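Per-chain numbering from 1; labels A, B, C and D assigned in written order.
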Amino acid sequence: MQLGMIGLGRMGINMVGRLMKAGNECVVYDPRAEAVQTSRSQGAVGTSSLEELVARLATPRVIWLMVPAALVDEILSKIASLVEAGDIIIDGGNSYYHDDIRRGAEMRSRGIHYVDVGTSGGIAGLERGYCLMIGGEKEIVDHLDPIFAALAPGIDAAPRTPGRQDSDGTAEQGYLHCGPHGAGHFVKMVHNGIEYGLMAAYAEGLNILHSANAGKRVQDMDAETTPMRNPEFYQYELDLPEIAEVWRRGSVVASWLLDLTAEALIDDAELTEFSGRVSDSGEGRWTTLAAVDEGVPVPVISAALFSRFESRGNADYADRLLSAMRKQFGGHGEKKAGG
Amino acid sequence: MQLGMIGLGRMGINMVGRLMKAGNECVVYDPRAEAVQTSRSQGAVGTSSLEELVARLATPRVIWLMVPAALVDEILSKIASLVEAGDIIIDGGNSYYHDDIRRGAEMRSRGIHYVDVGTSGGIAGLERGYCLMIGGEKEIVDHLDPIFAALAPGIDAAPRTPGRQDSDGTAEQGYLHCGPHGAGHFVKMVHNGIEYGLMAAYAEGLNILHSANAGKRVQDMDAETTPMRNPEFYQYELDLPEIAEVWRRGSVVASWLLDLTAEALIDDAELTEFSGRVSDSGEGRWTTLAAVDEGVPVPVISAALFSRFESRGNADYADRLLSAMRKQFGGHGEKKAGG
Amino acid sequence: MQLGMIGLGRMGINMVGRLMKAGNECVVYDPRAEAVQTSRSQGAVGTSSLEELVARLATPRVIWLMVPAALVDEILSKIASLVEAGDIIIDGGNSYYHDDIRRGAEMRSRGIHYVDVGTSGGIAGLERGYCLMIGGEKEIVDHLDPIFAALAPGIDAAPRTPGRQDSDGTAEQGYLHCGPHGAGHFVKMVHNGIEYGLMAAYAEGLNILHSANAGKRVQDMDAETTPMRNPEFYQYELDLPEIAEVWRRGSVVASWLLDLTAEALIDDAELTEFSGRVSDSGEGRWTTLAAVDEGVPVPVISAALFSRFESRGNADYADRLLSAMRKQFGGHGEKKAGG
Amino acid sequence: MQLGMIGLGRMGINMVGRLMKAGNECVVYDPRAEAVQTSRSQGAVGTSSLEELVARLATPRVIWLMVPAALVDEILSKIASLVEAGDIIIDGGNSYYHDDIRRGAEMRSRGIHYVDVGTSGGIAGLERGYCLMIGGEKEIVDHLDPIFAALAPGIDAAPRTPGRQDSDGTAEQGYLHCGPHGAGHFVKMVHNGIEYGLMAAYAEGLNILHSANAGKRVQDMDAETTPMRNPEFYQYELDLPEIAEVWRRGSVVASWLLDLTAEALIDDAELTEFSGRVSDSGEGRWTTLAAVDEGVPVPVISAALFSRFESRGNADYADRLLSAMRKQFGGHGEKKAGG
């Protein structure tokens, strides 16, 4: 099948590679000429403008956008003005599903088919394949099946779930038509919200292990600080890289994220390369907003999100207020040392 | 009534002042001679050793400890060796109630009466009076009534609760015998746990108001950062000192803590005097531990506690782990700027 | 000053009472004729239709809406078609500030002045006065000063904040012009978010006290349940009404909400009248949404919101999933008894 | 190697099976004669008393306890009186590591070697192997290597972590000597704390997906309830079993817990078999306590724990308090319906 790919960042270029490996033809565009050149050297048909990309595709065209969420509307608008009724535009980035619903309706009014695809897999996807969560019209999604099948990991990527019947569904291949416009990104959004919670669970637990020697630290004795009552219970010097490794086999907490954590810890268990300012790219926020709209409690996912906000200093004013209140009622000055 | 006070810190010296104002005689000791001198100049009988303090008190002696929690056992042990059966020792500091239960039993085995008093009121207590939560033997607590009545704010400090009957209870005076050994500090511990939650609620809310102009800030557009979707809703420049003030009258969130917050904001709405490292002095932790033991969910109180831990950098290793995981699966480098 | 009040529910009818007491003239309307009749008997000019209400008011008209948030747009639209340029319409209910921004612009395009007022005080407001947070054009807000001054508690409702200078500001009177359209409801929204956190802090703390006798309960001994390790620390039978009362005087947690809690506990410390399904009326959700938009961490306020969701059974499916997972990996059946 | 197993519950009997399959000799005891008979039929040497078990073992004896945590002290005490200096007793259950430290010292004073082993793997362990986290004296742990190697999954259970060097460590085999007495159960405790967080993240996320049709439900319009503002965004009917399945391949949230979730959802996506009362067996509580002692923030792990408490009704009194407060300040009656 032929596909036009717009956006050759980390994700886009690897997806093109995987698509071509499965025998699909890829026409690519990126404003950075060197990215186009790299992809061309891997077998893609490079183009130097959106117009050229559209011109090089046979109808009904299939165009996949893999660009930052903030740029989708602008690029989509340009492409929509170039393509014809019956063509298909796929947004495979991290768009907010609200936008998909709007865009789906806008495109439909022009006879263009819009498909939203939530894509998980990260930089490992070239080799492992991408998990695809898809929203859009059923017949269009069916038409694109060769694309999705090529990108997805395939059934051999995991053992069959016990109790599962042989069926013609695609979930076992690693891709799924979730519902109408927006359903793909909705499911991907929640997927990422879960990811926030999973990551935070590991991070908190490893942080406890990291402080398992807290009883060895000397402590102040004053009215501001409670001394540790039981330092004898916190005398362990634990080897975190080995612990992350041992959990990878046979434990209940084994996961791909744990695999990655074990890998990250090998070089430097203290992770001094990082400062601890944790970014968030939208989905954790949107997941929380959706939960609030639905009235669904998400104490864990939201706590994971707020920890990221806090890691970036966004609680500072609140913290200063707490210190100010403490000074007001107790005359407590701020202390310099932690604990 | 005559009372010996050990410990003339912020709290102790003011309590002595209030006790004497009500006609009680106070014999005081503190290792800092200048503190003793100050108290003596206010009318107290100063002493220069525990031995002298004990010698100056008539039996049955009443001795009040107002010292850091970490020092209580050592001082209690010394005093216990100096006093006689029938004497009364009161711990009015922030002891863990587990210790009260142990100390109560130890003292009882020596014929000494032990009373634990949780004392709230902070530096304002000299004028407002102290809220006292008391644990110990009923007859001993009754015997100490003049002390408690002098320290407490008295019935006029708040309007009568509608529906409340005239009674001979003391809660309306601002002091209460809560139960046996440890009950006073147990109730005070939970009181402080609640305080953590209240303070955090104000701090979080005011932080939202403080960022009500977030839509005015320019934002990056890249795959790492979701742009603010609706900057038009965050264009307010709010006057926090005035808002804290307006809430003091007629609103549902009026409280003494809000009064203090309004006061703190007057001088400098940005609170630049503070760095935002928020101490915790034990009770928030103990409240959380008690809740966990009881199986009682405390998402709010624990969140308030954890925010203080985070303010002191104790989440740093967890945050670095999150950044490391993000780099592993997504190739995301850490960003310098917040958001 | 003359004012038209639309909506004579719990809040509206009391506000009319307070306005008239201060010498203002009130023309009122409510679809429930008996409510109009009640208000008329208290001195208001009753009307039986929006048209009549508008006709009875002198220009520039001042019309205050005190209706459920869901009905504001419909009623506002009707009134806007009846009034003239220069008239003023105030929404004093619990509108979302997003709506205020939109409505403010719509009304402005028709020459009508729109003012949003967040009103706190509840059913006690008739007597205590209402705390008013106001958004809109400065000159219009100034024009309405007699209305706001009549509704607000006045400066005597609280002692002056130390450090505060004499000024011509209104915050000390209990009302405040916070900013342009929406600013009033924005501040009120956050006010209510704080209220959620405060309420939860008290509720959690009192729940710990309520279970202070947990060590007395017999426990199962099986692989599913950890026995309480230290039942000796949970043997207290605490008197919650008395504890809530004692905290009202001199303690750091004294507040109006605590006053109300003390009152609620007098009749029945077990609160058997209530089932524990806690409603939420929007502001807690909106506060959380705003915090997420701003990137401000609100672990406490959100936890308070989610506890309400959970109280209504909205976590049930998640809980069943947890039990299902536990059965999968551990063969654990669900237990009937709590703990 | 020869090993005595005490406790033939779900875990114990499978571990015996796995040990024998690897050529070890197992002498077993359980108070339930039928369990002994089953194990005997699988090749174990059955005994009918602790005395008999001890008598059947060659010195230095190796005895593994796999019994409920609440029974360990009693059984350990009996066995300690039967064995000789130089013998080894292993606690492979879910003991609190505080107990291990105490027991290790007690046993050492009698010349007995004590080893604590945290065992993960659940009922799948017979086939997959068990992940073992071990605390105790190094030479004793080394001596027991054949036992641990037989129980653990082995290196082939997961692909090698990139960057990891060939080494003689055992973590890649699935077992690890973590440190001195208690270190095994400490690491296992935190492992389970992480597990709580992971499970909650999936449960919350799937709950959001489960309510993705919330916009279809009719809503009340009154002052107590905010109507859903954007029902058009919550019109999805999502197929949760298929979504859990699709995430198993290529996605960032793939894990063994997800595998189990997918399996649980196949039969009944509504999980009507479960009531949603979620047990907790101690480790989540202990993890939270350790974090609080260390001053490490664990908002996610604690939130997961508290959600379990809430699922069992332990927030009920707090919720009734909230309803009572709402009635006090707003005259709000409780509503029957959720939302």
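Going forward, contacts are C-beta pairs under 8 Å (C-beta built on N, C-alpha and C of every residue); 3 or more make two chains touch, one makes a residue touch a chain.
Note that the structure is predicted; figures quoted are calculated from it, not measured.
Simply put, of A-B and A-D, more C-beta pairs touch at A-D.
When every chain is reduced to the mean of its CA atoms, the largest separation from chain B belongs to A. Here the spacing of chain A and chain D, counted between their Cα centres, is 28 Å. The mean-CA centres of chain A and chain C are about 37 angstrom from one another, to the nearest whole unit.
The mean-CA centres of chain A and chain B are about 43 angstrom from one another, to the nearest whole unit.
Counting partner chains per residue, chain C has residues 122, 200, 202, 204, 206-207, 211, 229, 252, 256-257, 263, 285, 293, 295-299, 303, 306-307, 310, 312, 314-315, 318, 329, 338-339 touching two or more of them. Taken chain by chain, the contacts link every pair, so each chain touches all the others. Interface residues of chain D facing chain C in the complex, by the touch rule stated above, are 9-10, 68-71, 93-94, 96, 122-124, 199-200, 202-204, 206-207, 210-211, 221-227, 229, 256-257, 260-261, 263-265, 270-271, 273-282, 285, 299, 303, 307-308, 310-332, 334-336, 338-339. The part of chain C that touches chain A in the complex is made up of residues 252, 285, 288-289, 292-293, 295-299, 302-303, 305-307, 309-310, 312, 314-315, 318, 329. Looking at the complex, you find that chain B touches chain C at residues 97-98, 101, 120-122, 125, 128-133, 152-155, 157-158, 161-164, 169-176, 178-180, 182-183, 186-187, 190-198, 200-202, 204-209, 211-212, 214, 228-230, 232-234, 236-239, 242-243, 245-259, 262-263, 266-267, 287, 290-291, 293-301, 303-304, 306-307, 338-339.
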